[in-house]
Amino acid sequence: MLVGRVSHNVVAPTKHPGLAGAKLLMISFDDGSPLLLATDAVGAGEGDRVVVATGSHAVGIVAPETPTDAVVVGILD
Amino acid sequence: MLVGRVSHNVVAPTKHPGLAGAKLLMISFDDGSPLLLATDAVGAGEGDRVVVATGSHAVGIVAPETPTDAVVVGILD
Amino acid sequence: MLVGRVSHNVVAPTKHPGLAGAKLLMISFDDGSPLLLATDAVGAGEGDRVVVATGSHAVGIVAPETPTDAVVVGILD
Amino acid sequence: MLVGRVSHNVVAPTKHPGLAGAKLLMISFDDGSPLLLATDAVGAGEGDRVVVATGSHAVGIVAPETPTDAVVVGILD
Amino acid sequence: MLVGRVSHNVVAPTKHPGLAGAKLLMISFDDGSPLLLATDAVGAGEGDRVVVATGSHAVGIVAPETPTDAVVVGILD
């Protein structure tokens, strides 16, 4: 998993029906890794330092019906 | 997921039968990440700023029969 | 798999229920690769040089119910 | 997916039985990304500009019994 | 897949039971990509130039019960 920070919410006016209701969070990383767009699973919001899981195993558990490849699974203090 | 821009359509005269009918979009990224070729799931076109999902979980939901590894799942305004 | 070193434990006050009870270890790499957060499967602790497996196949075997994408599967002397 | 060029065929005198009969193509990329070794699914050859799919979803459709992680699924003119 | 060279064997005194009996090979790459630790499936040894497959599809075929994410599937001359 990666630790990053929620930069802002992203609104996609057009999206796959499987993403309906999903909150899309843009995640930035301190080490300059490319920005990642993740769906939220823990109520994270702008400015939160978060844990992001990628990979089909993790995403399949957290968001079995959602076509996402990255999910916010934790919030650090 | 990644946010990129549709650079152009790609036509492959020879392709695996599973890609028949798939629209192939070349995606470029502002941060200089390598170009990615994605199949379209939302009617995206040249110049659109889009959300691209990779990973078997997301692709399996959006394009269960298509041998692709990246799908355009959203269009940003 | 990757060989890295356990930098420290990470506590996430808010997390997905599937991570309840999981020990989160921050892994650093000698070659300067980005830090990775992994769940522990072998009792590793701070300072240990460890083997980290990623990928849904490996994680699915070691942590079938946990939404993680990286697991510590070995400790080197 | 990625667009690259077939650099040359690779012969592996010793290989896992699941790769018997598989044509191994070394793929190079214009942007200097690391070389990738892919199995062929469309009759590609040296010098062809090709589409390469990675990821378990795509590979599982094209080469269900072959232990490969990258398949050539298209040839560009 | 990637073509690399077996640098040395790695012994992990503590490891997940699923790795019992697995031979762990450290793989280095000419292009300076980060070192990778792979399990062996073809009898490769130190100094051999090898083909390494990653990805759950390939690993699942070659090592269905082993929590690894990279397997040596071929030896080049």
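Per-chain numbering from 1; labels A, B, C, D and E assigned in written order.
Definition applied: a residue touches a chain if its C-beta (ideal position, glycine included) is under 8 Å from a C-beta of that chain, and two chains touch if they have at least 3 such contacts.
This is a predicted model, so every value here is computed, not measured.
Chain centres here are Cα means. That of chain A falls 19 Å from that of chain B.
Chain A and chain D have centres, each the mean of its CA atoms, that are 31 Å apart.
Among the residues of chain B, those in touch with two or more other chains are 54-56, 59-60. If touching chains are joined by edges, the resulting network of the protein chains shown is one closed cycle, each chain touching exactly two neighbours. Beginning with chain C and continuing to chain E, the ring of touching chains reads C, E, D, B, A. Chain D meets chain E in the complex at residues 10-16, 18-19, 24, 26, 34-38, 54-56, 59-60, 65-70.
Partner chain B is touched in their complex by these residues of chain D: 1-3, 29, 31, 33, 41-44, 51, 53-62, 71, 73-77.
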